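In the two assemblies presented below, subunit A is common to both, partnered first by subunit B and then by subunit C.
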Partner chain A sequence: MFLALVKKETKEHIFSRKGIGFLFVVSLLLSILSFSFISVKELSLLDQPTVVMTTLKLLLGINILIAMVIGATMIAGEKEKGTLESLLLTPLTKRNIILAKLAAILIFWLIVTLVSLPYLFVLAYQANLFPTVLLYLYGIGTILIISFSSIALIFSTVLVSTKNAMILAIMAFLITAIPMFLSTTMKKSGLAKVISENSPVSASMTAMKDIFINKMAAPQVLIELIPVFIFFLLALFFALLIAKKVDFLRGE
Partner chain B sequence: MKKYLTILILFAGLLGFNTGIAKAQDTSNFTIEILSPAKVAEYPGKELKIKVKITNTTDQEIKNVFTYITMANLSKNWTVNLEDYSADQPVTIGTMKPHEEKIVNLPIQLVYTADYYLYTTVVSKENPVITSSVAIPVKIIGNTKIVPLQVQIVSTVMPLLLLVLLFITMKIKR
Partner chain C sequence: MINTQQLKKVYDNGFEAVKNLSLHVHKGDIYGFLGPNGAGKTTTIRMLIGLIEPTSGELEVSNLNVKKNKEEIKKHIGVLPESHGYYEWMTGEEYLQFFSALHKLDKKQRKAKVAEVLDLVSLTSKANVKISQYSRGMRQRLGIARTLIHDPEIIFLDEPTLGLDPQGQKDIENILLNLNKVNGVTIFITSHLLKDIEKICNRVAIVKTGTLMEEDSVQSLLDKYKKEIHKEDLSLEDVFFHLTSDRKEEQ
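What follows is the complex of A and B.
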């Protein structure tokens, strides 16, 4: 039954026009970026680790956003369509429903990474970076995707409207991503400093720099990634805790 | 005659006044010197510490002293936006006692491949005279092994494949 739900979600959200459309957009963006690295003079002067890092940042950013959009529509969408009732009548527990939806998002992420691998391979060509890229993508990338999808599923469970769940999910992502848009000066004071020091997005970016540029040892990088692991555990815990709230709309 | 004398005196006065300002602008309160490295030839991504010696050459205490790096791109004849190089933040030294020497490390990360001159500057809020060090040559060596043809093929083929897949899906749905 669990697998059947995962299959249904995958078919609905990934192997659909919407899902392939998302894949096409990701591929188009990666193509534009990769093409810029060889055609824009300023970008062509960048070293390969920076090129790979920039591509990974774009890939992660877009995919977190897409995963959150998909996650936000999953439960709230069922409520809006009135299909939640039939889903709750299945022998699946509410927790398993959430887990099946998370699994579907994870499958989407794996397909996106498959689409992005040729780009990463040609950009990391002969620089001995590809194994590290795979490790980062499937390790830290997957953790981030699960964490943010869990947040989106929480909003989707608590709220009735897909639109509201989506707006809140995107806002949550943008708040954690604030340090990426700020200058180094702004990151050193006030709220931006607090977010910068604790944000899982910031921590993953710092770790990325230390892996690809500074070639730091694994233990040091793992320490830097503590906010990512904490965020992952908390997001997953609350997503499973809030699963109890997966219920019919009033009057249904 | 009196008129000419007045003009002469006025000119002399103006000249003296101007010389005074020029003298004041020439007087620097510091000396600044890059101790190490003497030159740099490294690959992008390398993080360096520029060791700088700053000396207060006056007999007075100078407050609010800070120092920073500047890089001039010799390949393009422009100055560099040091935020990309993580070197846009000045290092605050604070107060320097008379004839005090301070050694400061300024961090920088090499990014774009080109030839540069790197120099350091020391500034105090109390004096508008800005002192810069002698520059050191910095060469950021290109090491990219990206094959443009490979990138072009992947960047063209992948979106096309997905576009075809999208059309097939749309057709099946109809």
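What follows is the complex of A and C.
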């Protein structure tokens, strides 16, 4: 029964025009980026680890955004279409509804990563970084996707309109991504320092640099990733907690 | 089959949608739950199927206390909510397969059951057509097929004939009569088409602003109000207007 819902969600959101469109956008961006690494003189001078990191950053950024857009439409969309009431009248629990939708987003993530593997393989081959890329992609990448999707599902559950849920999800993503736009000097003082030190996005980027450039040992990297793990646990916990609020529109 | 005692629902904004409602539906009934707009019909159905909590009162469906057996109740009931949506991208068959899987039917059972309910609502020939191409009447029939996919004892239908043409209404009526007669399904139905309700229901309840005005067999109601209304060929519609019209209160 759980799998039936996962299958339906996958079909509706991923093997649909929307999902295929997203896949096309991702592969197009990867192609443009790969082409730029060869054809743009400045970019072609970059060392292999930096090239891999830039590609990974783009891949993660665009996928988190897509996962949030899909997640935001999942529950609110059912409310708008008037299909949630029928779903709630089946033996499925509200928590299973949330988990099935999360599983469908994960399937999308896996498909996108499969599409990007050839690009990453070519870019990381010479520096022998491909196993590390896989580890980062399927480890940290998956954790980030689950975390951000959970947040999008929370908005989708609480709000009635798909548009509002989507706007809030994108805003949440942009807020967490603020540290990426801060200069090194800004990150060293005041509120910017606090945000930078505690942001999961910032932590994952620092860890990425330490893995690919500084070749740091695993225990040290794991400590750096603590904000990512805390963010993951909190997002998932609140998504499952808010499952109780999965409710249809009340007419009277 | 369905028993409610002093059922009450007050929404968070203070609106009292249902006031001390006591209903009694017997096994095999086609029970018409009638009332003007805003009478609390949908709220009552939502309480009966466990989707919303009553403020007070007791309610039992299929001999189960709804408050204590919300999950168990789902196995015994089928519900067609008012103006609900469909997964437009699915075919009729895929839609029913999906819901049969959610109701834990195994693959073999699913195929047979989907074929059976499609036949029951005369949609076999349209089984592989996308729902987006279905007419309103076909959608309602598909909705009824979905309510039957797990062999429920009771089905709740909230305005199943709303917006249908006369042929569509007739089709739904025939399906319901057949279901009740052949499969023994108890039917709890709300509708504004009182002439049709009079034809298919054996018992009715009339509510107004959340209060039960009458509950009896159609014939008993007609007999009871014959003297009061003074009209030849008295119909359920006359009784309904007599009980729910504001003009009577003003007078």
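By our rule, the second predicted complex is superposed on the first by the 251 of 252 C-alpha atoms of A that agree within 3 Å, B and C clash if a C-alpha of one lies under 4 Å from a C-alpha of the other, contacts with A are read in each partner's own complex, and residues count from 1 in each chain.
The criterion applied here is as follows: a contact is a pair of C-beta atoms (placed from the backbone, for glycine too) under 8 Å apart; a residue touches a chain by one contact, two chains touch by 3 or more.
Not measured: the values here are computed from a predicted model.
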item: Clash-or-fit label for the pair subunit B, subunit C on subunit A; value: fit
item: Which superposed partner A:A217 touches (first subunit B, second subunit C, both, neither); value: neither
item: First (subunit B), second (subunit C), both or neither touched by A:P91; value: second
item: Subunit B versus subunit C as contact partner of A:T83, first or second or both or neither; value: second
item: Which superposed partner A:E12 touches (first subunit B, second subunit C, both, neither); value: second
item: Subunit B versus subunit C as contact partner of A:A4, first or second or both or neither; value: second
item: Vertex subunit A, arms to subunit B and subunit C (CA centres, degrees, nearest 10); value: 160
item: Broader residue contact with subunit A after superposition on the shared chain, subunit B or subunit C; value: B
item: Superposed arrangement (fit on chain A Cα atoms) - minimum subunit B/subunit C Cα distance in Å; value: 9
item: Residues of subunit A at both interfaces, subunit B in one complex, subunit C in the other; value: 16
item: In the complex with subunit A, residue positions of subunit B that touch it; value: 43-45, 47, 83, 86, 88-89, 109, 111-114, 142-148, 150-152, 154-156, 158-159, 162-163, 165-166, 169-170, 173
item: Subunit C - residues contacting subunit A, complex; value: 11, 17, 38, 40, 42-43, 49, 51-52, 71, 74-75, 77, 79, 81-87, 89, 98-99, 101-104, 146
item: Subunit B-facing residues of subunit A, complex; value: 15-17, 20-21, 23-24, 27-28, 30-32, 34-35, 37-38, 42, 44-51, 115, 118-119, 121-123, 125-127, 183-185, 188, 212-214
item: Parts of subunit A lying in touch with subunit C, wherever the complex brings them together; value: 1, 3-5, 8, 11-12, 16, 81-83, 85-93, 248, 250-252
